[in-house]
Structures are given as structure tokens and as C-alpha cells.
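What follows is a group of structures, each given as C-alpha cells.
Paired with subunit B in one complex and with subunit C in the other, subunit A is shared by the two complexes that follow.
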Partner chain A sequence: MKVWRDVGLTYIHYSNIAARVVREALRVELRADAAKRNISHVKFTPWVNGRPVPRKKKEPTSES
Partner chain B sequence: MMMQRTQLLLPLAMEATMLAQQQRGMATLKMISIRLKSVKNIQKITQSMKMVSAAKYARAERDLKAARPYGIGAQQFFEKTEIQADEKAEPKKLLIAVTSDRGLCGAVHTGVARLIRGELAQDEANTKVFCVGDKSRAILSRLYGKNILMVANEVGRLPPTFLDASKIANEVLQTGYDYTEGKIVYNRFKSVVSYQCSTLPIFSGSTVEKSEKLAVYDSLDSDVVKSYLEFSLASLIFYTMKEGACSEQSSRMTAMDNASKNAGEMIDKLTLTFNRTRQAVITRELIEIISGAAALT
Partner chain C sequence: MSFVKNARLLAARGARLAQNRSYSDEMKLTFAAANKTFYDAAVVRQIDVPSFSGSFGILAKHVPTLAVLKPGVVQVVENDGKTLKFFVSSGSVTVNEDSSVQVLAEEAHNIEDIDANDARQLLAKYQSQLSSAGDDKAKAQAAIAVEVAEALVKAAE
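Right, the complex of A and B next:
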């Protein structure tokens, strides 16, 4: 039914991609402000048995 | 016996040297002025930190007003459907601790950690913690390190964005830990001087579908529910992060204000001692000169 679900995206991915497209489609004077909402620096470390386990694959930083 | 005597003697010896320094006068005068200078520097730092956090707080509060509808809207669904966790099944709980990386802000992070510690003390085996922010990890890792599922850091330097929240929500969904019920633990901002540590319930898709009152919503299939739950988790996390950031800044403001006040008190006391010591030194020197002169004549 939904193509993006079959590809393995969640609704969060889907809506974020939609949001990014909308932000990029804004007028130039509004776009600069909106672009600030498009960045994220959060990093994740999984923990197993009370110890941090480094993740193998590198996460892209600017978008999910 | 010998050990005991030396232990007794040590503080005595220290006292004696202190006394000697005090009698010399000049040394303590210098020491006091060094101390005074450092306390004044500390006060300057705390004052500017207060200014910075006041500016950040103003922005956080403005952001929070805009973010509130996200939280309220997402909560409505859980209230209307009156979801209850399945009591028969093995409960698997997930706690999301919403804190940040940065300290010097009073008891914001400790409050969240304390609430989680309470939950963990009740049911340690079936509860996992997802730490957002290094502070909650630092507090919880010592006692409950085994219960930590994942840590998200680099939170709190900049105001949280929805993208941050959605990445966290994604990680929560992808950890492979099938929680049946969960709680987001965060600080709810009340006013500039007060915040309250609160929780928001979250549920997994299977728990939601078992709910009897789900029929109040029309034409739902499992796909819609799944999509909605994903999005509502992201918006709830976004909302709680905004609340947390706002409480943190307001709390840091108060903490830094108090620190500046305390430094001010300390400066007053030190200035007094400094002046008194200086006066004592002058008086003693005068006495020495006068008595020396008197002895000559």
C-alpha cells in the first residue's frame, strides 16, 4: 500500500523527508531560518551489560 | 602507638605553621588578596553565565510555547482510547530519560534520575532505560548500568530540533527491545522558578491495538496506527525535550544567580578580613617603631 514502508522507512523518516522538501521550497528570506531546524547533532551509543558498545556503521549527521 | 601520636601531632603542627604565618602577617595578607581575586573572578564568570542562560531561557520559553501543541495533541490519543498495559503478559518497560549533556543547573538532571531509580528499584529485571543526554547516563550508569539500553549525547548545546527528536524516536523503535509500555521522564516547566519532574506514558503498537476503546476513532487499520504511533513518539519526545531544555535553562539561571550571590557574600567577608589584617599589620609596625624610638631616647 505504501511504497516507503516497503523500502524500510518509518513514518518518522517519511515526514522528515517531506519537511525537508518543504523547507527547501521556501522563499530565500525564510529558508535561512528554516534551515536551522534541519540540523541535528545527536549521537547514539548502544549499551550492553553496563558497557558502551561502539557502533560499526557510521550514522549520517545531517539527516535521519 | 607511634602512629596514633603522629596522627595527633599532624594537625597540631599544621596549626603551629598557620599561627606562625598569621603572626608574620604579610603572608596572610598576600594570601587573602589572592583568594579575593580568585573569588572575584568566579563571580564574574557566574554572572556572565547567568546572563547567557537568561538569554537562552527566553528563547527556550518561546520555543516551548510553540512546541506545546505537539505534546498535548499526542497525549490526547492515549487519553481518549484509555489504553491500559496488558497485565497478564510479561511487562517490559522502557524509560526514556530526557536530560542534557550540561551541568551547573541545580537539580534538574538529578530529579529525573531519582525518579528513574525509583522505578528501577521496583522492577529491575523488566525495565530498560534509554538515556537522552550524558547527565542521566553519568548518574545511572554506576548503579544500573546493565539497564541502560542506549545513550544519546550531544544534546543541550543547541536548542533541540524536531530532527533530534525524530532520530531519538527512531532509535527507540529500532533498538530491538519490544517494550509493552513505557514512560518518558522529563522536567515539566512551570514557571521561571519552578519545574516538576513528570512522566508521559508511551505504548507499543500491540498494546494499542488490544485497547477496546480504539473504536472511537474511525477507519483505523494497523498500518495507520503504526504510522501514527511512530509520529506521536517523535512529537512526544520533541515536546519533552523542549520542556526539559526550558526547565534546565531557568534552573541554571537561578543556580548561577545564587552562586553570584554567594560569591558576593564571600567577597564581603574576605574584604573585611583583608582590611582588618592590613590594619593589624600597620598597627604592629607603628608599635615597633615607637617602642624602638622610645628605647633609644
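Right, the complex of A and C next:
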């Protein structure tokens, strides 16, 4: 039914695109602040035996 | 005969459900997005939402429902009759048995905050992106953007 489903996109993808387009259509005053929400950061900390294990090297986070 | 019996059973069940449901005369709306909370369990009269299963209005005692939002205008009629319009990108709407309603959006803004000119420019931009898209995935992504831009243009008019 939905074309984007056939190419493997999910509603999360759909929602991301929709939100981005809405932010682009905002009044100029609001746009700069809204654009900050285009990118989200996730920080992972692995835990071993109940303790956080510090990362040896900073890994570049993949953009999705 | 079994059909008649089933129908009778179903009718009896429906009547019992209607009695048991703790329907409230008041509808409490929670409407929030990543950018702002618009209503926090506020009592309102009516809510109109655009969803993939069609646009629908919600009054108190609405049947419990779950729906996925599509880009468009959410209209809230407050208790004093004041009507407010918001544009939502996407998200979910939940109508519970106790007449509480949750509208959760990824991005929601007062309709006045949408720039009609920019919306039209975006529509043109994504339409050309759609026609020049190489693979199916890029095409689908552009098509989503076009759909959203169309809804924005319509809402901002």
C-alpha cells in the first residue's frame, strides 16, 4: 500500500523525514533552533560485571 | 441457526462491555512533541486528528483507539469553544477507555509558525528531487517529503 514500505523504509524513517520537512517550513526565527533537532546523539557505554568499561578509542558514530 | 446464536452472543457481549466501560464525560488531552508540550491532561471538547486510517474527530466517550499520525493539521476545540490548529509531522494518537487522549508527535507547531512561502518552495524542491531520484529508496524518501510539503502548503494557506 505504502510505497516506502516496499523499499524497506519503516514508519520511523517516514517520521524522521516528515519532522525534518516540517522544521524546514518553520518561520525563519524558529528554524535555527529547530534545526538542532535534526541530529540526535546516542552515547553507548558498555558495562561488564556491573562496571562501565571506558572506550579505548573514540569511534565515529554512524549517521543513520 | 448458529449465525443467529452468534449474533445474539455478540450483542449480549457488546451490551455488557458498554456497561462495564468506565467512560468519562470529560476528555483529557495530552498533546506533546519533541519540541513542546501543548496540553498536559487538559480537559478539551473535541480533537480532530489526521491518521493513516483516515482523519477523525474525538469527543468524550470515544471508543478506545490507536492510530498512526500522518502529516497534517490537528485541531483542538477547547472547552470555551476556542479552536486551535497545530501541524504535526507524524507520531501516534491513543484514545483510552477513560476518555483520556494522547497525541504524541515527532514535531508539532502552531499553524501560524508555518511559513506558507517556504512550504511552497519546499514542495517544488522535493518534487524536483523526486523526479531526479536515482534508485527506488531515494524516490520513496523524496515522495514522503513531497507528501509532507503538500500537507504543509495546504495547512498554511
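Heads up, the rule we're going with is that the second predicted complex is superposed on the first by the 42 of 64 C-alpha atoms of A that agree within 3 Å, B and C clash if a C-alpha of one lies under 4 Å from a C-alpha of the other, contacts with A are read in each partner's own complex, and residues count from 1 in each chain.
Methods note: a residue touches a chain if its C-beta (ideal position, glycine included) is under 8 Å from a C-beta of that chain, and two chains touch if they have at least 3 such contacts.
Note that the structure is predicted; figures quoted are calculated from it, not measured.
Participant: Name the contact category of A:T10: first (subunit B only), second (subunit C only), both, or neither.
Facilitator: First partner only, subunit B.
Participant: Tell me the contact category for A:R27 with respect to subunit B and subunit C: first, second, both or neither.
Facilitator: A:R27 contacts subunit C only, not subunit B.
Participant: For A:A18, decide between first (touching subunit B), second (touching subunit C), both and neither.
Facilitator: Only subunit C; A:A18 stays clear of subunit B.
Participant: Could you tell me if A:G50 is touching subunit B, subunit C, both of them or neither one (first, second, both, neither)?
Facilitator: first
Participant: Using the superposition on chain A described above, determine whether A:I39 touches subunit B (first), subunit C (second), both, or neither.
Facilitator: A:I39 sits against subunit B, while subunit C stays out of touch.
Participant: Which parts of subunit A are in contact with subunit B and also with subunit C?
Facilitator: 11, 13, 15-16, 19, 37.
Participant: Can you list the subunit C residues touching subunit A in their complex?
Facilitator: 34-35, 68, 71, 87, 89-91, 106-107, 109, 113-115, 118-119, 122, 126, 136-137, 139-141, 143-145, 148-149, 152, 156
Participant: Can you list the subunit B residues touching subunit A in their complex?
Facilitator: Touching subunit A: residues 141, 145-146, 148-155, 157-158, 161-164, 166-171, 173, 175, 223, 226-228, 230-231, 233-234 of subunit B.
Participant: Taking the complex as given, what residues does subunit A use to touch subunit B?
Facilitator: 1-2, 5, 10-13, 15-16, 19, 36-47, 49-52, 63-64
Participant: Give the list of subunit A residues in touch with subunit C in this complex.
Facilitator: Where subunit A meets subunit C, its residues are 3-4, 6-9, 11, 13-19, 21-28, 30, 34, 37.
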